[in-house]
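Each of the next two complexes has chain A plus one more chain, namely chain B in the first and chain C in the second.
Entry: the complex of A and B
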């Protein structure tokens, strides 16, 4: 079976004052129809750049897709024309952003904004598009949608705005829906509502979802498979159960154990912590990019870059895992 | 254990714009008769959704927001009735850590000066002892002495939060108010800061008033937890009691909404309790229980009469039908 969306050896670079910096270094991942892929990692690991590359939204220059392919149903998105990309974007492939206030236009009503997305991709009249917009608002659980469609974004709560974003994103029944930290700005109760809504949308439309998050708890609830990213590379790629139950990479293990537990009777004295921070991309040296923060580093980690290889359980980019030291 | 902070019937009211020139000024009650106690060396977590009044409660308790009513006894002395100079002296004992480590540090000041400033303002010690104290604090919060003369932008988010913590500790406070201190940080960095706060609490015997919307974080650090909803405490209990046997339906819903590694999609996890809608507006609060419209267990009584906090099974719960 070929995957619906397949990213293969993607390399994205940016021209900066430090010279050319590699933001994504041979990133590969795929997602099948009706499946949720979780992409997890700290800020600055390349999660959002992966999403923006897929949407064709990397500013070029300074950005450049230096190699690799992004295939949607076999069609390479890095090679298609701008007009073809425009019709795919918002049509077959749509995105929900992190901050619903800044990604909606403050001077148009939300009904108009959803209708605009519909009219761009389907041959319908404005009246019909507005009717569809109201139906979509109803679909994403906004009460009295005919009234709310006339509201401006500032009149809605954060959760409602994110629902509007979702309504807009699913207006053309996308095959792939990318959600870039869709709930970071929201309360837990609203986050739960948004997650439940995304699951419903997936059930109804059969969309593939790429959920970008730094929260392993969200991964546990939402994802079928997981790609763990660190400093512009995928360092572990497996099913959600494999990553959560037996993470192979020390970074993945750290991300899981540093979450304060919530379960019944759970109480740790001290949280496991990952020392230090993600290194700036222009300062990555030879070898593994995680070596400064890792407790299992040896000489090989300092000189040789680990490749994403299956050493038994599932693909992981770590010398320690390969040598059985992890 | 001695009582550090005893808050009684704290109320905060904000004026709203007048509907017309001669109309009376309408008010919004952001905090409605909130009472809680904090003992020396303990941490009280205040949780709730945005707009529930958790930050306003803490700010009013340390007189950074004007309280319209109630009492705040700090070591037996009512902070709300102190004159300005006495309150200024009291501020040595009460310090604050903010949510956003990017906007709460002066970008034009060197971090050593930022950390020293409270001592300058309070006139504590001479210049030499202040500089020495800054160095000690740097070491205590896990920063290096060679970083003393850098500017805030040269630090990462986690390091900046360490600077904020060092600044808060300069005056040897007894109470530290932490307003969402880790919610702007990445999970891995969050763990570093939480461990630091736990270490400081043990070593210095600090008390925390810890505001957060993240139940996992509160469970990790706090000894007691108060859950707020629309300006009121709806449930208050020691940590184990609250997390193992939540009684208020809102607490149960919050716990059910928080993501957890124990809930797996592969195991067919479906959320046990779903909350729909948003909290009601504090401008026109409902007559009965504020949570009634979203509560699965609500009955007629809940819509007509307001439940009060009552002791029940080791906790205090404000609910007509606690479960």
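Entry: the complex of A and C
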């Protein structure tokens, strides 16, 4: 079976003042119909660039897709024309952004904005589009949608705005829904509601969801499979349970141990952390990009880049895991 | 979980009871504007001036072009001509009422042209960036370094000095500022997330420029347009004063220009049109300032 969306060996580079910097280095991942793929990693490790590449929204220049393919139903999105990409965007693939505060146009009512999104992809009259918009607002759980449709974004709360964004994104029943940290800007109770909503949408529309997050809690709640990213590479690719229960890569393990344990039996130790920060992409040397922060390094880690290979349980890019030192 | 979602539903359901009305950013700006007394004063003043120039001649009988009395009759001496007469013996009040229309029309047309050129070029430069931006900005700079009045004079001299030519000349020399302002706004707004979001739902560049970025860039542009009207009126007056106005159409600038040689003998034919220009530009500036305050959220106290 071929996957609905398949990213294969994707390489994205940016021209910066440090020269050409590789933001994504042979990134591969895939997501099937009705499935949720979690993409996790620290800030700056390439999660959002992966999402933007898939949407064809990488600013070019300075960005450039230097290699690889992004296939939606077998159609390579890195090669399609601009107009085809535009009709796919918002039609077959849609995206929800991190900041619901700033991702709505402040000068139009939310009803107008959803109607615009509908009219971009469907040949319907303005009245019909507005009716559909109100139905969508109702669908995403906004009370008295006919009144809220006349509101401007600044009159709605963060959670409401994110619901509006979701309504806009699902207005054309996308096959793939990319959610780029959809709940980071929201408080915890609203986060849970948004995740519930995304799950419902997925059940109703059968969309595949790519959930980009750094919140392992969100992963455990939402994701079927997980791709862990570090410094522009996928370093571990497994089911959510595998990653949460038995992470192979030291970095994935670090991420898991950063989840605070709550409850009665929880020890009140100092919360684990991963020492150091993600190295700047223009300063990546040879070998594993995690070597400076890893406790399991040996000479090979400094010289040879680990590949994403299945050493047992699931694919992982780590020499230590391969050699059984982990 | 269920009671959590209830609590949010509750607050939203309660809101309509407060009977609040959805308010667009424009309405909100209008609310701010209404409280600004200088701006209101300017609005009233400009309305009076416009009304006088458009309807004044229906109530005041007399022809601005007719010689009706002895030249240089001082104001307040003859009851029929309260403001006196000019160097040919034409009635000054009739001149002011007739001359206002062309002055305002040229000012408004020139400002409109300025905005059209400035916004189009600025939007393209700011949105597309790269070589488009470079090219358009070099052109803008070229126009910016030319002495505006001199350039306008050349244009008017090359073509016949009609109202249209004058409006076009003023428009052609004063758009660079608007272009730069528009470009700056576009550069700022195009990297905001709702522009990316608009792209993400599949909007075309054209739609993003006109329907997403421009409405958000409008507030400073509206302010600048208002101020441009004032500048354009001054420009028209300046050109007429220099003798480059349309000699067949009465305008305030023309009145000043025609009478300036006799200013030491008769101050009034120059002073009254001058005051008319002053009050018009002053009222336009007050309005522009008021709009600036109303649209600028940083100056807005709630």
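The rule is short, and it goes like this: the second predicted complex is superposed on the first by the 323 of 326 C-alpha atoms of A that agree within 3 Å, B and C clash if a C-alpha of one lies under 4 Å from a C-alpha of the other, contacts with A are read in each partner's own complex, and residues count from 1 in each chain.
Going forward, a residue touches a chain if its C-beta (ideal position, glycine included) is under 8 Å from a C-beta of that chain, and two chains touch if they have at least 3 such contacts.
Quick caveat, the model's predicted, so the values are computed rather than measured.
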First (chain B), second (chain C), both or neither touched by A:50: neither
Touching partner for A:255 - first (chain B), second (chain C), both, neither: first
Partner chain in contact with A:289 - chain B first, chain C second, else both or neither: neither
Partner chain(s) touched by A:108 [first = chain B, second = chain C, both, neither]: second
Which of chain B and chain C A:223 touches, first, second, both or neither: first
Touched partner set for A:207, first chain B, second chain C, both or neither: neither
Touching partner for A:99 - first (chain B), second (chain C), both, neither: second
First (chain B), second (chain C), both or neither touched by A:120: second
Which superposed partner A:155 touches (first chain B, second chain C, both, neither): second
Shared contact residues on chain A - chain B and chain C: 141, 143, 157, 159-160, 189-190, 192-193, 196
Of chain A, residues touching chain C in the complex: 55, 57, 61, 86-91, 94-95, 97-99, 102-109, 116-117, 120-121, 141-144, 147-148, 150-152, 155, 157, 159-160, 165, 168-169, 171, 189-190, 192-193, 196
In the complex, chain A residues that touch chain B: 36, 42-43, 141, 143, 157-160, 187-193, 196, 214-218, 220-224, 239-241, 244, 254-256, 258-268, 270-275, 277
Residue numbers on chain B that touch chain A, as the complex places them: 49-50, 156, 158, 186-192, 194-195, 198, 213-217, 219-220, 240, 243-244, 253-266, 269, 271, 274-278
In the complex, chain C residues that touch chain A: 1, 4-5, 7-9, 12-13, 16, 22-25, 130, 192-194, 196-204, 211-212, 215-216
